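We just call them A, B, C, D, E and F in the order they show up, numbering each chain from 1.
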Amino acid sequence: MDVSESFGEMLPWLKKYQEAVIVIKVGGHAMVDPAARSSMIKDIVTLKYLGARPVIVHGGGPEIDAMMKRMGKTPKFVSGLRVTDEETLEIVRMVLVGNVSADICSLISKHGGNGVGMVGSDGDLIVARRKAPEKAVIDGKETEVDFGWVGETVRINPKILNILMENEYIPVISPIGYDAEGNCLNLNADTAAGDIAAAINARSLVSLTDVDGVMMDPSKKETLLSQLNIAQCYDLIEKGVISKGMIPKILSSISVVKSGIQSVHIINGNIPHALLQELLTDKGIGTCITKE
Amino acid sequence: MDVSESFGEMLPWLKKYQEAVIVIKVGGHAMVDPAARSSMIKDIVTLKYLGARPVIVHGGGPEIDAMMKRMGKTPKFVSGLRVTDEETLEIVRMVLVGNVSADICSLISKHGGNGVGMVGSDGDLIVARRKAPEKAVIDGKETEVDFGWVGETVRINPKILNILMENEYIPVISPIGYDAEGNCLNLNADTAAGDIAAAINARSLVSLTDVDGVMMDPSKKETLLSQLNIAQCYDLIEKGVISKGMIPKILSSISVVKSGIQSVHIINGNIPHALLQELLTDKGIGTCITKE
Amino acid sequence: MDVSESFGEMLPWLKKYQEAVIVIKVGGHAMVDPAARSSMIKDIVTLKYLGARPVIVHGGGPEIDAMMKRMGKTPKFVSGLRVTDEETLEIVRMVLVGNVSADICSLISKHGGNGVGMVGSDGDLIVARRKAPEKAVIDGKETEVDFGWVGETVRINPKILNILMENEYIPVISPIGYDAEGNCLNLNADTAAGDIAAAINARSLVSLTDVDGVMMDPSKKETLLSQLNIAQCYDLIEKGVISKGMIPKILSSISVVKSGIQSVHIINGNIPHALLQELLTDKGIGTCITKE
Amino acid sequence: MDVSESFGEMLPWLKKYQEAVIVIKVGGHAMVDPAARSSMIKDIVTLKYLGARPVIVHGGGPEIDAMMKRMGKTPKFVSGLRVTDEETLEIVRMVLVGNVSADICSLISKHGGNGVGMVGSDGDLIVARRKAPEKAVIDGKETEVDFGWVGETVRINPKILNILMENEYIPVISPIGYDAEGNCLNLNADTAAGDIAAAINARSLVSLTDVDGVMMDPSKKETLLSQLNIAQCYDLIEKGVISKGMIPKILSSISVVKSGIQSVHIINGNIPHALLQELLTDKGIGTCITKE
Amino acid sequence: MDVSESFGEMLPWLKKYQEAVIVIKVGGHAMVDPAARSSMIKDIVTLKYLGARPVIVHGGGPEIDAMMKRMGKTPKFVSGLRVTDEETLEIVRMVLVGNVSADICSLISKHGGNGVGMVGSDGDLIVARRKAPEKAVIDGKETEVDFGWVGETVRINPKILNILMENEYIPVISPIGYDAEGNCLNLNADTAAGDIAAAINARSLVSLTDVDGVMMDPSKKETLLSQLNIAQCYDLIEKGVISKGMIPKILSSISVVKSGIQSVHIINGNIPHALLQELLTDKGIGTCITKE
Amino acid sequence: MDVSESFGEMLPWLKKYQEAVIVIKVGGHAMVDPAARSSMIKDIVTLKYLGARPVIVHGGGPEIDAMMKRMGKTPKFVSGLRVTDEETLEIVRMVLVGNVSADICSLISKHGGNGVGMVGSDGDLIVARRKAPEKAVIDGKETEVDFGWVGETVRINPKILNILMENEYIPVISPIGYDAEGNCLNLNADTAAGDIAAAINARSLVSLTDVDGVMMDPSKKETLLSQLNIAQCYDLIEKGVISKGMIPKILSSISVVKSGIQSVHIINGNIPHALLQELLTDKGIGTCITKE
């Protein structure tokens, strides 16, 4: 496809995403390489100029782990959640807000956009509550696990996001919530992204990960499934095609789609311009999950 | 260049034309082929969705000539202007407003945009006066020529254009002016486009013609000059590189640039997606004329 | 009645029509005389300054017939509709939009108002579909008639009209619609006026014709019926008082009144200041049709 | 002139006064007859519906005198100003605000408009200061006269008037000012009307009096002078045509016109529809004073 | 409580009344002393600056009685209502509007606020009807009493109040209504305050009287009841604790609370800063009546 | 002073600070005690509800030092500035943004306000450049000191602050700037507060420190100087009354006052309600510096 052709084919995509709110979950392993990170943010700024309204929700697992190690602490996970004691919480907040978020805002600024970092206490954005202890099997024994300062979303107050978007800013949200007593809580970034998307009536939620999407045979890129509906997802889980770490991702995507978001996209953030290719081409580049 | 690359490189162009008013002069021989016409209009709608504010000014020479012939009249030109008697004026207005403009609006609508046809009397858009007779050499003899109902712009009232653009409409203007007595006047489309561009503080004026631009050697496409400033234009006229029909085009472009418009672009409307290639790529596809 | 008295008695009428949208159907035989046309438009501008919001819908039968003759074509009507082949459609559009509408706008401008010409494709104003062929008796034989490019309104998008009215412009609408494929369609001006009136919640629809209204005895002006409700209309049709060409006019008025418009007025556009006399005096000058 | 003619001739007047602020000074002897008062207010409401923005400033001399007599006090005037002791001031305020103004508002309401009574303390509308004592000849002797609570305008704060006019209300102003200490002051209604007209950039000031205007021979109505400029006024004063009580009226009108108001009109409020006849006809009914 | 403590405790009160509309009924015996009156108005201006939206409704019984005596008339009351003949009505209006209201506006202005005096005819604020004659026992005989120009509220049009409050003005309302024929009517100030509070969705109605509130033993200040709900009110009336003149006040408060106002406060206007103490402290200073 | 008196005397202060932007610099040693910090933030929220527009700029020296120690690094200062290597910068940003700012926002939320944390890259708020190396005497030797990632303000873009304040949010700013290449820079909080105050036309800048203000004799609280103008400041420096660490504070205050801010206040954040006592009482509680 040459340039004139690609220009000529843009119109339907532009129409589709005009003024559409797109929540983009970035972070984790897809953000480690500085060049890839910068390119990813550039694509988000491009999306903004193309007429969409991107909202970024970021994680920061690798960065938090690194900082904990520097401070002599060992990260601890149960059921995929970081057990968060007082000191860990402090590190999580410092790294996410003071490091990852501020870095994303500075990259947005560098590429000509205007980002604004947000945390749960900004304009009461994310009201959360502490997660109740859960039974889990650790080292073969069922144990009741207290996750510490891990939280669950109670309510999203989207007002500040709407004000920022109307004024052409790109909100950059760290998944830190606050409970009614003002206690800070560590939230799962994927879940927070889904909650925020639902609260602001987003059109789509894009998850920039380090996998290419759902594949019939993970070793063969050409077996990538571009489009799945809820029924197909359940079917593939049953058949074992979707397995292991991909299962919670897909289950969470299904729940987001059920909440009214038109599409959830799982794409590989390490592919150059993955975001634009997924949203602005017919075939896309990852897996798009829709209701029907 | 593949699609991801082309999207990935769009950001500087998007920034450049964001909310920029672009006056696009279409028509004449560049509009005769229906497919080319439709594609051209599609590009203008794409430009609108990319964030620019296009305003179309159209001509309609071939269509007017055809209609005159059908009605048994012979078109007559002196110094490049159509001598316009009462009956010709009626035909000019009918063809431009009732035919060309309405057709462009319908194509805009078909491609998902919203056009609104405008003529000089709409909201007093173009106040004009009758052109004074001029001396010209006809058949070897100097004669005083009365051009009839040919007019010159006196004043543009851009209010209606601004209202339409703020409401996301694409104005489509037929070059018909009105004098203080309510007489209709036939205007030159190129001149009218320049006058309108100046009155609405357009960023650029693009002229969709049937030539590729200014070439050192018109027979060799590779000698196209992508960028010219005013001084270079005068120099090329003196050297004879710019000659014949291209001279008035360039002189008019110089005058537009002098009125404060940042760039005038002469491109070939028959090249697919010429408009987008000219405005959204580094090299462009035609000739861009700037002040310095 | 002297001037002070007439001013002194205006208040109830001013209150009645303040910010009221009034659709005025002009054209056909009531528009042929230039002085009458100019005076009619002046009254509409006066109405605007008095606080009402006039919207003009015009026809142009005599002008189209004249142009067809000049181009060697014979107008053809079946069941009161113009059979519209490709060439006729082109002439209809050119004459209505390029001639009649532009002329009305120029007269509005001359009298100090601001008109804006509109056609169905402007802001997707009139979405139409092609009328299905109908059985009709021609020369004594029942024949299926294909009316060609004659259309029926599918949907009116009033947004552009509201924007123009809020900005103090007078919309001037040519009854040309467009179907989903972008095909142009010739609409009946009376029907279009009714459809538009309903879509913009007009208070009244005024039809400027060349008859004085409904008369008990058409030869006696003093038998004019100033006020009729739906029941009375049906009764007069049954009794034969309303007959021939007046029947479709009255039936169409009934349907407009049923759609929620408060009053339909049939007045003689050739009477000086007929419009103002009908709307701003107690007795009126033509026939006013209301629901009850 | 029949009704259709009068309607036909309204347009230029409507254009002239569209959104024009017209300060109307009513009161004194022109307001005594209830029917005339009601008709005068009806005309003002008509003017509002015709598109102008009327502001009423009223006096109330006869009503104040009557109330003073009922309360056993004798009105006292020096140099045309009411000497205002504490008790008189109380009566002046009660009669103007509680009686005349409230009555005008109720008449406006009755005729379908919305009036709002205003006094100098409302939104700090009229900041005034106490008039210094002046030398005057009383009973043949030069005496220094302390006018008591008589005030002079220091500053008009037009904000509240603009808010009311934008919301379609008709302000009705009693000429009562307040000084910095909160003391109430009795102002001359004519002077206050002029000060207010200047502060709100009124187009015209109309004074509804009980005389027909300036006449060459006061006994002959046909010698009324419809139009005077400043130079002519001075000339007529010198020639003695303008004399006695008319002199201060004319001098005050001159000063208003000099402050930038386009025209001052002196008309007889007892003539039916005098206001509309003066403002909406070519000849007018009283005397109009302009700069040149 | 020292100053820093009192500052420190303000926050909950500020939150409570932020943008809350508070109707304050002043007048009668609580307004007679000039220093107390000025202090009361200063508190209302303070309340405005603290973020609330005060609306003043005033009475003026003592001032009306005094004026009637000066004019040789004897006030006459039946069932607590002033029998209002034509002349009394004139005095009532003059005193309330021209005297009391104007005085309050001037005090507001002196303390740095912006008041605007309002009467029922201003923007059709209070539409009323004449009260029907009622049977009453006078001098031991049941008589039908015609109260004259005493009115009852039919409808409040709050638009003008909302416009004024949005523009930071404090409306000052005299309880004078107007019927459909434009007749002026004397309203009970307490009732009018309640009607207005309901129409503008006030949060609270504060009645500044000359009693301290409801007391178990009126001779002992310490028996003041700070908080009463509807049930308690009825109970206290039954037990005779609420008796005589307090009964109508409490019944009227109950009806206001039932109409949706959150609280009615009866406080003693002669206590310095009674208004602020009641609204901005935990204990208050008078009696607060709520639904439950 | 009892509560009614304190409320009764608030009006002049309310007027003074109504809609006034107040920049409050908090942090350092005045923020260490959690109860004092919470009380300080509560006062700021109170100020917001009283009608002012507070903007918080915070430091975090002690918190940064503590974190550095935990990570095994030794803080290093030259000329009062923290020498900031790559790793220190990361810690500074994490602690300020991720810890101090987020904590302040959560306290604001707890007290019923809405804070929004801001850093220099948010909406390009603080554009800075790296501070050039400076000569300084270290251990008795003149050395050129490279401060590392310490920055100086180049430009403040107040747009995002204005949007937040108009929407009733309290901006909480960490003194972190960004240069044109997107590098993060550590700014001095006092200087940043002054720069921001100037850029948003603040009325006052309040510095919450751990000293009581300027005292003639620092050991005697009663020698506190409540009010100083620029000339007096210079005089006291010369006389040695202002000495040591207070000198840069006063010099910086002088420069802020010269930039157009009406007053700079140095107060002791550990005194309960110091902020409200300083701004809302006649005498204040610390030292207020003004131009003249």
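The rule is simple: contacts are C-beta pairs under 8 Å (C-beta built on N, C-alpha and C of every residue); 3 or more make two chains touch, one makes a residue touch a chain.
All values reported here derive from a predicted model rather than from experimental measurement.
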Steps needed, at minimum, to go from subunit D to subunit F via contacts: 2
Chain labels contacting subunit D and also subunit E: none
Separation of subunit E from subunit F, taking each centre as the mean of its C-alpha atoms, in whole Å: 47
Subunit A and subunit F, separation of their C-alpha mean positions in angstrom: 36
Length of the line joining the C-alpha centres of subunit C and subunit E, rounded to whole Å: 58
Numbers and ranges of subunit D residues touching at least 2 other chains: none
For the subunit D and subunit E complex, residues of the former touching the latter: 67, 70-71, 90, 93-99, 101-102, 105-110, 114-119, 121-124, 159-160, 163-164, 167, 169, 176, 178, 181-182, 184
Contact set on subunit F toward subunit E in their complex: 1-8, 10-11, 14-15, 18, 39, 42-43, 45-46, 49-51, 111-112, 271-274, 276-277, 280-281
